[in-house]
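So, here's a batch of structures to check.
You will see chain A twice below: alongside chain B first, and alongside chain C after that.
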Partner chain A sequence: MQRTSIERVAAATPAPVARRLTGLSDRVIAWIFVAPTIFLLLAVNIFPLIWTIRLSFTNMRVNRPNEPVEFVGLRNYQRILTDPDIWQTMQATAHFLFWTLALQIVIGFALAWLINRKFRGNDLWTTIIVLPMMLSPAVVGNFWTFLYQPQIGLFNYAVGFLTGADPSSFSMIADVRLAPWAIIIVDTWMWTPFVMLICLAGLRSIPASIYEAAECDRASKWRQFWTITIPMVLPFLMLAVLFRGIENFKMFDLVVQLTGGGPGNTTELTSINLKREAFEKWRTGYSSAYAIILFVTVFGLASIYVKALNKVKSR
Partner chain B sequence: MAEITLSGITKRFGPITALDDVSLTVPDGAFVVLLGPTGAGKTTLLRLVSGLDQPDAGRVQIGGQDVSTATPAQRNVAMVFQQYSLYPHLTVRQNLEFPLKSPLLRLPPEQIARKVGEVAEVLQITHKLDNKATALSGGEMQRVSIGRALVRNPAAYLMDEPLSSLDAKLRADLRIELKRIQHDMGATFLYVTHDQIEAMTMATHVGVLDHGRLVQFGPPRQIYEDPVSIHAASRLGQPRINILPATLFGPAPAGAAHIGLRPEQIRQGEGEDSFVRRVEHLGDQTRLHLSFHNHDLITVTDAHTGLKSGDIVRIRPEKPLYFDASGARIHQE
Partner chain C sequence: MTRQLILSAAAAALVSGAGAVHADDLTLCWAAWDPANALVELSKDFEAQSGHKMSFEFVPWTSFADRMLNELNSGGQLCDLMIGDSQWIGGAAENGQYKKLNDFFAAEGISMDDFIPATVAGYSEWPKGTPNYWALPAFGDVVGWTYRKDWFARPELQAEFKTKYGHDLAPPKTLDELKQIAEFFQNREIDGKTVYGAAIYTERGSEGITMGVTNILYNYGFEYQNPAKPYDLQGFVNSPDAAKGLQFYKSLYDCCVPPGSSDWYMSEDIDAYKSGQVALQMNFAFIWPGVNADPNVGGDKSGYFPNPAGPKGHFAQLGGQGISVVSNTNSPDAALQYIKWFAQPEVQKKWWEMGGYSALKSVVEDPGFATSQPYAQTFLDSMAIVKDFWAEPAYASLLLAMQQRVHNYVVAGNGTSQEALDGLVADWTEIFEDEGKF
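Up next is the complex of A and B:
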């Protein structure tokens, strides 16, 4: 008699696959499930990486398939690391990274802190704040070019309204000094919500009872903020920096839409520069070496950073 | 140290009245234990005294001053939370230092270190001082949480079941330790517990709460010997008071619906026959589960009794307590 539901379910469940396909151990089955993913990773990540390393030691150009490919040793690397234009690009990238991270962390945390106060409609506000993040970067870049338009742009008008300056007296995109900031502002506008969401998760992970204990221990709100809120949100903040740092290091779409790297090469970030070398000048070997240098840089920085993150988390 | 006075405290959470017009005075230097079943409002009462919550009606006074609208910091009370509430990112030492590092106190570092060392010694957590607060067992966390209150010298200590997750030996040690602190420092304690041994041994006064009402307040012996209701009588005494129909043993006073018999109010070897259903040897005492006219009751007998289940023992009530149908006590002349 099958009386309990457990017995009924057990009877209705087919025998384990492994038992029916004789000769397959659990381990083999596990490998069968994992193999497609491993194969895909090898094909689209590991193989191209190894191939790029190989190309970086040659003078190959893909637009001249008939020319013989010569092995040039470390010459590509030497040329890149001594090129002042590339160092200028690196500097522009570092400047962009620093300011986007700083602004997004500060504003994102502040917004999260405000949203985390219990007030009516904070869910609605969260949704509104998060909207920019859901848009396509290409679309965002495109409509910000309109906002930055000196004659009709809303941004210029707003700045003019607040500072009294003539809106058409400056162009965010065409001015050598302002163009980097044009990108920083758009990126911050678009991605601060992401940082806010991570910070919000951090803030919500702190139980109210901890604050109550601190309240009884006679800690002021200020001291609670610095000795409880900040240390407990810190791992989340660092995670946000990691995500945004990696994303912004390879920033491409927004910049192409907004400035295309100009004016001159003031907003030419490494990713744009690399794309130019590889697919406009067609210097395949040279740009491979460039890509490897960037890869090693990012990989090294990220490893150090993740170590630091783990240290903070285990503290 | 200071006296705490609550007058007409009412607290509601939506449709639920957690505390209903509670008035209570905790004398300076007293050790008041709040007893009551889960949901009776014990924790709510502590939170109102601490200032974490505000009452809907009534006033809280500490040391003669009205602190009804004051913050916990201004009230200067130390609280031990049932769920520990340690600072998880700090070490045990930093947790214990936290209240002492309040800018309100401005204590020199040596004094902080000495105080932390003393308290750690008392709570037997000296070897854990440099551990992270999250890398402790439940009992250790609870001790740190008690320690965080003891390092201070507050107007009153508020403790919410502070010994509940400790093992029996440590619990007995800390019972004596807390009692000593209260005695030596003249500290005022407001203490919530389920444990009736804690209530009997530590309390100078016991407050019995039932559905948000303070039903009885007095010394533990008085609550034990002279309870106002079945509810209050059931709070103290191990095994629990037996509640039986009033006329089971013969005539009862007018209006009595129940007779209450504590083990020592059941005289054995006299009266009517009862049937021994089960014998529990606890070492220092032996419990008898009896059946008397189809009613079950539990009493205590000699540790080395020869009785076994199936035996017949004669029992007779001695100075029993009578209660009316609503559970209120009936006093006889």
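Up next is the complex of A and C:
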């Protein structure tokens, strides 16, 4: 008689182990396997979150171990939400997020559209395009500060060459109007290839037969693009927006290297501001409340977005 | 039986250890800069004399406070000795991070009267003005200026400057003269190269722009608080005179710095000066030995002068640090032994010769001191006019608030100088309220 795979595994189980497991229900065995993961999740994610919520209602400062920790109610939340400087960092973050996403989606999709066509050197170009995202953000930030240098920077030289302006007459990272665009340009340069790869996967997943059927129906290329390509790539695009949105909401290293949040606080994004509050000013209770506000914001927006994504996928 | 054996072994170990010289491994933490390298060399004498082994943990200035305050706040045991910034003294004393040294000084005959008073007040005392010592003055430092003596000496530039401003092109005595010189050199062609007026502090992330702007603010009448009523800020921090001082710093930034110098601190200023980009350089005195020895701008090519006077006074921003014993050290005796060794006059003399700025009176008041180096007299003159930033336990919050307000006005050009200082008063008031100072 032929044995099933489960029976074969059961037969192979050493006798002492089998004796110990005898009498345990499937549910208990399942819990035994899942428990270490749940424990880790609780210890690494859930416990710190609960602890942070608790701290957010106190005046704790981690650098003042001798001072009593007092419960301050909602004072930290109230101060954060009424602080104009914090709203300015929120605005700076929103500006950065909107423009990086818009540019990366448009350029990433356009590159994917081009790369998806068969031409000589296709693989080589793909490799060259994805190179920036393989670099460390700290390295990218550092060398772009040199590219943006008014006296010797290649970027300023190129702009000067194309427009006739004096390269040392403007500074991308020192000018209040240009600095927000300086960080957007670098992030777009670095992460557009990522969006391109996701779009490429989407484009390659569209069966050729659909286009062939459209050709038979004499649909124009423009019509094929809007009624076949875009709807079928849309879930991929939305996924790219989700990934890049979450990443850029917590953007830190690249901007710190490039502008340090300046000039003034023009490019001080929320993550940089939070780090200053928590680890430079040591306002632990205050920064915990700040972190919770950011967490709720990202979590809320991401949940709405994922629902929309699922809707698009189910169409 | 086993217990008896263990006790006997422990007793034997104690007896055999008694009287033997115990060599410890000591770690000294400081910023990564030229004086730190000199201290490594100097400390070899201590290793030879004491048998202890010295290790060093040096962190670049821009992340020095971040890294080391993290270490102190987390109760880390990396550092046995800390040469911490002067502003840390309040927090480190109140939070029990440094050992109090009064008893040790009394036992070893180390007197604070033997050190330059400004360094004792700045680096060692907490609360300020009381004889409670938490550090030994280790490195006297102050913001001063370096200038291109060789450019100043050119007859054609001398003549042009005199025609334009009506006085000689010479080290400035006032801030207005300083600005005239900076304007004069801005975008000038010298030896076929475009040069600029001055490299000044504009750094935003740590303490740079504050350490720069205070040199001007003090001389325009800025006060940290009402001298008669502590923590009374209104009208002292943001007086109309102080606002004029801040405006002056912005005008210097707008007219006379190299393009792109919006986030410059010590190392960027040094680079600009040594590469021949600027005629004037604002920087701490620690750089002067390096400038003097530089093959391109050293020797007779450079001169030094103290921060020039303003309309309301003559002061300069204090730098420098004291050396403290970290409370969490496992080797307190060896750490104290190091401080005792370091305080000796002959060691302090050697420290100065190696490029470290001794704060010991017997060294700086020696008749040969002022002429021992081209910058020695400027160092003495500058140390006589110092003022320092807050050294409160909340200094980091106070500093970051000032960094943001001042950078926002000077570099980003937002608002007016009065609005910037009014905002600073609001920030500092909130911080002191949180600290329970009112």
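Note that the second predicted complex is superposed on the first by the 282 of 315 C-alpha atoms of A that agree within 3 Å, B and C clash if a C-alpha of one lies under 4 Å from a C-alpha of the other, contacts with A are read in each partner's own complex, and residues count from 1 in each chain.
Note that contacts are C-beta pairs under 8 Å (C-beta built on N, C-alpha and C of every residue); 3 or more make two chains touch, one makes a residue touch a chain.
None of these values were measured; they are calculated from a predicted model.
Looking at the shared chain after the overlay, A:L154 reaches neither chain B nor chain C. In the superposition on chain A, no contact is made by A:I53 with either chain B or chain C. Of the two partner chains, neither chain B nor chain C is touched by A:A201. Of the two partner chains, chain B is the only one touched by A:A213; chain C is not. The partner of chain A that touches more of its residues, comparing chain B with chain C, is C. In the superposition on chain A, A:M90 makes contact with neither chain B nor chain C. Of the two partner chains placed by superposition, A:V130 touches none, neither chain B nor chain C. In the superposition on chain A, no contact is made by A:V298 with either chain B or chain C. Those residues of chain C whose C-beta lies close enough to touch chain A in the complex are 65-66, 69-70, 72-73, 75, 91, 94-96, 204-205, 258-263, 393, 396-397, 400, 404, 407-409, 411-414, 434. Across the complex, chain C is touched by residues 59, 62-66, 85, 148-151, 168-169, 171, 173-174, 176, 256, 259-266, 276, 279-283 of chain A.
Residues 207, 209-210, 212-220, 223, 227-228, 231-232, 315 of chain A are the ones that touch chain B when the two sit in their complex. Residues of chain B that touch chain A in their complex: 50-52, 71-73, 76-79, 81, 83, 85-89, 98-99, 102-105, 132, 148, 152.
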